[in-house]
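Heads up, the next two complexes both have chain A, just with different partners, chain B and then chain C.
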Partner chain A sequence: MNSERAQLLLELADDELILGWRNSEWTGIAPFLEEDVAFSSIAQNEIGHARALYELAAAELGTDADALAFDRKPEEYRCAPLVQLRLVPDWARTIARHVLYETADAIRIERLKEHKDSDLAGIAAKIEREEVYHRLHAEMWLDRLGREERYAEAVDELWPYALGVLEPSLRPALAERVGRPEVEAVERSAPGEEFAELWNEMTMVRRSAPVGAQW
Partner chain B sequence: MVTEAAVWEALAAIPDPEIPVISLVDLGVVKDVAIDGDRVRIEFTPTFMGCPALDAMRTQMEEAVTALGGAPQVDVLLDDSWSTDKITPAGREKLREAGFAPPAPRSAGAPSLVQLQRAVFRCPYCGSADTRLENIFGPTPCRSLRYCDSCRQPFEQFKTI
Partner chain C sequence: MIWEVFRQERKGQPFTHGGSFHAPDQAFADAYAREFYARRGESVALWVVPREAITAIEEFPDEFDLKYRRVDGYSIKARLKEARERVGSTERSIAEAPALPASERD
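== the complex of A and B ==
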């Protein structure tokens, strides 16, 4: 059984890895070139955060970051349902998730920066430096799409998922920032079929390589 | 016997793998060098966490220490002790000469959209302040894209982090 700290690190890392993966699905097919670059770059940052968090967890669990990222069974991942949703080619829902996730993540990082574990607090402070730019990007899109009906529908749909990113004690802060009432959250649980497809693709190279292969 | 000065000098000769005009020392990612007999401990503070150049930087530092006859130990510090304010004045000038606008100082606070869109970022080619934000994100995590309306040249801006 993992410690509470390892469990927390895996939740955070899985969120960032899987969201990074989903964001990278826009690479090459975003509505225009600037967004192709933006979503690819954000994906790269999120996966970088995941790596650092996995490394910290791996040091405690006696394994390595790649093993945590790619060798677990699909049902062992702890990512929030929000990041698992495959949203290409729907731009409105993609932007709604982006805005909601970054808002939730900001609340979580603020809390982590105060964590008594100095390694975790240090990583949170470093992650925050990069996340600022993700939020600016989300803010820019909120300004463009915030009054569109399709965007509003997407937020209605994803709001319970967004609450599920955070532990219950942090949810009122999210409700306040987003300006919506707290509803029943879509909680973290064993991932479903959509995730299984992602996992299959994500771990394919790793599973096909002989044990001990060097990259 | 390896000296601290020799290690700093060797590290100052290692170019950044992605922006080779600037060295690792100019980039400010070497936080400390400590010598204990043959052992050389380097404290390294990465730039962006997803930067694919980090492993290359680490290997090159280890090779440089080995070439001096030392036994390298590179400790990676994952906290916020590196910021773009750590780039040396010489490093900023080298970036500018190579066509990268250096980052704005962090003293102005965390970056905001208004600041990125309206603040004065000078074009590294013609020096004009008549530039605008094209994209917060660029070809690597550390860069944004801007456009100079004066000389009509797109250019890359090092993000402030």
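== the complex of A and C ==
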């Protein structure tokens, strides 16, 4: 069984990897060219964060980052249901998830920066320096779409999922920042069918290569 | 709305034009400029300017050939040609002619 620390790292890393993957599904088909490039960059940053987090977990678990990212069975992933949702081609829901995730992630990272484990605190500070720009990006879209009905519907739908990104003690802070009452969260659990499809695609190259292949 | 981006590669160097893109307002423009021109550490500073804020000046009339005001002075190429024609010196081919200094080649 993994330590609590490794478990925490895997949750964070899985969230960032899978959100990065889902956001990258917009590459080439985002609403306009400039946004396509920017949103793809953000997706790439998230996957970069995932790698750093997996490396930290891997050092503890005696494995490597690629093995953690690609060699686990689908049911072993710990990512929040929010990041698993396949939202292409719905931009309103994509932006709603982006805004909610970044808000939740900010709370989680702030807490992690004060962790007594200096490796965890250090990586949180590093991630935070990039997340600032993700939040700016999310906020500018919120300013544009926040008053649209489709956006409000998307937030209604995703709000219980957003709460599920955070451990229960951090949820009141999220409710306050988003300005919504706490409801029953969609908790982390063994991923479902939609995730299995993503996993299948994501690990395809890795599975097709012989063990120990160098990239 | 079109935005023009000027980027500085190193501190103290002049800003040079990087390119342009569409964005609905300054917030979007800033975000996109950051992603397009500074993501890989290729710039230390950016200027993000709405194209309409830029005045383009493209007409510089010089009707009276006041080239003497320029540091490179008059071009003598046309005068040399005239002089050659006047003396009928068709025997000198271009290849034998001494090369003119760059400032006189026009």
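A few points about this structure:
Please note the rule applied: the second predicted complex is superposed on the first by the 215 of 215 C-alpha atoms of A that agree within 3 Å, B and C clash if a C-alpha of one lies under 4 Å from a C-alpha of the other, contacts with A are read in each partner's own complex, and residues count from 1 in each chain.
In the analysis below, contacts are C-beta pairs under 8 Å (C-beta built on N, C-alpha and C of every residue); 3 or more make two chains touch, one makes a residue touch a chain.
Worth saying up front: this structure is predicted, and the values here are computed from it rather than measured.
When the two complexes are overlaid on chain A, chain B and chain C occupy overlapping space and clash. Of the two partners chain B and chain C, more residues of chain A are touched by B.
With both structures placed on the common chain, the touch criterion links A:123 to chain B but leaves chain C unconnected. Of the two partner chains placed by superposition, A:160 touches none, neither chain B nor chain C. When the two structures are aligned on the shared chain, A:133 is found in touch with chain B and with chain C. In the superposed model, A:74 makes contact with neither chain B nor chain C.
Within the superposed three-chain model, A:38 lies in touch with chain B and with chain C [touch as defined at top]. After superposition on chain A, the stretch of chain C whose C-alpha atoms clash with chain B is 39-47, while the remaining options among 39-47, 57-65 or 75-83 stay clear. Residue overlap on chain A between the chain B contacts of one complex and the chain C contacts of the other covers 34, 37-38, 41, 133, 136-137, 140. The part of chain A that touches chain C in the complex is made up of residues 32-35, 37-38, 41, 133, 136-137, 140, 143-144. Taken in their complex, chain B has these residues touching chain A: 48-51, 77-80, 83, 110-113, 116, 134-141, 145, 159, 161.
Those residues of chain A that touch chain B in the shared complex are 34, 37-38, 40-42, 44-49, 51-52, 55-56, 119, 121-123, 125-130, 132-133, 136-137, 139-140. On the side of chain C, the complex with chain A involves touching residues 21-25, 27-28, 30-32, 34-36, 39.
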